[in-house]
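Quick heads-up: structures coming right below.
In the two assemblies presented below, chain A is common to both, partnered first by chain B and then by chain C.
Moving on, here comes the complex of A and B:
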């Protein structure tokens, strides 16, 4: 503390300590914020299986399932001051024919749709064009957190990803279910998944599975059109 | 003349303070930064606004730098009183290593 340089160094050094401790307390404050997310509806609304190529120059043909779905969920309790963004995703999963001993995955699971929901404090990080960005920022003007963004009501949503299986066959697959997942990405602290068991004030995501359904047979190409070209 | 100005400039940049001032500066840094941190945390938590907490912490830290880094006069209120130069004359019969000093 003798000269200005020493005072500068010592002050900055203690500042880093204070910043670290406060960050730890902020991360810990997540634990006392209850998380009670719930899913109202998750169901497939329109399922198709088509044949296609994994990429343009591929000669291999694979079957792709296109699963449209509806989702109603209330994830608003996941938004606290330390929430940066919420990553919500829907997977389709089905058991392997041979079970776990067959050298295949015991359960096949593939993401069909995902979405990033930013908290107002992270709106400037959203990957949006200028007009959508302005709209997003205006939707939460003057609010530091906006739990209403966690209320999802999606009807007959097209999937982002068409899914297949390493074998290339998914048509007429039975016992397929849709599952809703989320990640909470905090400003400071650990990335947290939806957990399988209740953890103190954090409850599991209830009702996050759809009923079992069967993928349909491959959709025939438009037969009239095929007939006309022959 | 130039030497004098350079000396003054060096003193200003070096910013020396006395011992009591150093003790005070250390106390100020520890207390003020802790208070800033606690205030930033609780304001942020109760208003649920992490950006506000960040800005309070950064502004408070900047204020602490301004308070502590320059050699303000209140850090120099207890200057060390040195003995006067050449104030003590050696005794007349001083002998060191068999040599006598007049």
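Moving on, here comes the complex of A and C:
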């Protein structure tokens, strides 16, 4: 029966099949694009521990750490035609009291800084003001892929998030490390993170761990206040 | 066109056919649920809090098994909050402790503040059991159909009616 309904149905069915097959090919093409991300430098530059309210909605005073850091990384190989955005984040990791060492066994992990790097094809989706948006779009005019955005060189960066702990104590914590991670968001397909081992053409992110450091004792904020009131 | 309705045997066969399609879809959904160990393995993004990664109407594939490692910081998870029906898709930004009692804090990439205020009253962190799955796959736009259907309920009736009509009128 060749009624118009059947024809419409067949056309729609064929369209979805083609769309899904193309999407599958695009998703699979990620695998053959080599990934050779590298971190040059990741190190804390200035660490402070303060006692106070880390957020406006904090109900109690607690200790929090502010870790400034420097980061040098080349993540340009992660930008392919299927990359929508790259999410780069730096975590601080430290063992629990009595816990095992840092690294994979770290039992406390907190993001201290993150950054969304959109591919030029996704610039229009970024949450930016009109001026910043114009600047961003102009930075990659005429390009649909801009690997140079993956080159990061950040010096003495203030963290976006302070570190706290449910116990309220972070001062003089030993064996803290900073670790760089990334998450590739595709236009279609599987989300990927930095993997622990080489996977065919995808190399692991080497050198993404800082040296161990110790958080300092609490910086007395009250000293200043006490001085002022005298 | 209506001849099929006059033949009860054919009408019954078409009804069976319609039932088969529905049950196949249901079995595929439940099968995916078993494989991913998630009560709802595919979710549609409803808000812009994870933009620019996810827009409204995008389809996400979830995975809820911890085969090689625990749910870690940086993963995008879908979680439920007690007393709220709508699951939330946000990124894990802090994790204290390990195992089922680990305390997890989430935040939307596009939000300035973390999710403490979205949680239930008196709840400061999520546990693993609050999480329905971690996002592993992404497909844009496709989920917009369901948003349309839930926002304009009459479309549901129209679509079901059309589907029924096509199946009934179809002759093999």
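Observations
Assume the second predicted complex is superposed on the first by the 207 of 230 C-alpha atoms of A that agree within 3 Å, B and C clash if a C-alpha of one lies under 4 Å from a C-alpha of the other, contacts with A are read in each partner's own complex, and residues count from 1 in each chain.
Everything that follows uses one rule, which is that a residue touches a chain if its C-beta (ideal position, glycine included) is under 8 Å from a C-beta of that chain, and two chains touch if they have at least 3 such contacts.
Just so it is clear, the model here is predicted, and its values are computed rather than measured.
For the composite obtained by overlaying on chain A, chain B and chain C can both be accommodated side by side without a clash. In the superposition on chain A, A:80 makes contact with chain B only, while chain C stays out of contact range. Within the superposed three-chain model, A:154 lies out of touch with both chain B and chain C [touch as defined at top].
In the superposition on chain A, A:187 makes contact with both chain B and chain C. Taking the C-alpha centre of chain A as the vertex, the lines to the centres of chain B and chain C open to an angle of 40 degrees, rounded to the nearest 10. When the two structures are aligned on the shared chain, A:136 is found in touch with neither chain B nor chain C. Contacts of A:91 after superposition on the shared chain: chain C is touched, whereas chain B is not. Of the two partners chain B and chain C, it is C that touches the larger number of chain A residues. Smallest inter-chain Cα distance, chain B versus chain C, after superposition on the shared chain: 12 Å.
Contacts of chain A with chain B, set against its contacts with chain C after fitting on chain A, overlap at residues 1, 3, 5, 187.
The touching residues of chain A, when paired with chain B in their complex, are 1-5, 7-8, 10-11, 14-15, 18-19, 21-22, 25-26, 29, 80-82, 121, 144-145, 187. Interface of chain B with chain A (complex): residues 13-17, 21-23, 25-26, 29-30, 33-34, 36-37, 40-41, 44-45, 47-53, 57, 61, 64-65, 68-71.
By the touch criterion given at the top, residues 51-53, 55, 72-76, 91, 93-98, 103, 109-110, 113-114, 116-117, 124-125, 135-140, 166, 169-171 of chain C touch chain A in their complex. Those residues of chain A whose C-beta lies close enough to touch chain C in the complex are 1, 3, 5-6, 9, 23, 55, 57, 84-85, 87, 89, 91, 96, 107-111, 114, 116, 118, 122, 125-127, 161, 165-166, 181, 183, 185-191, 193.
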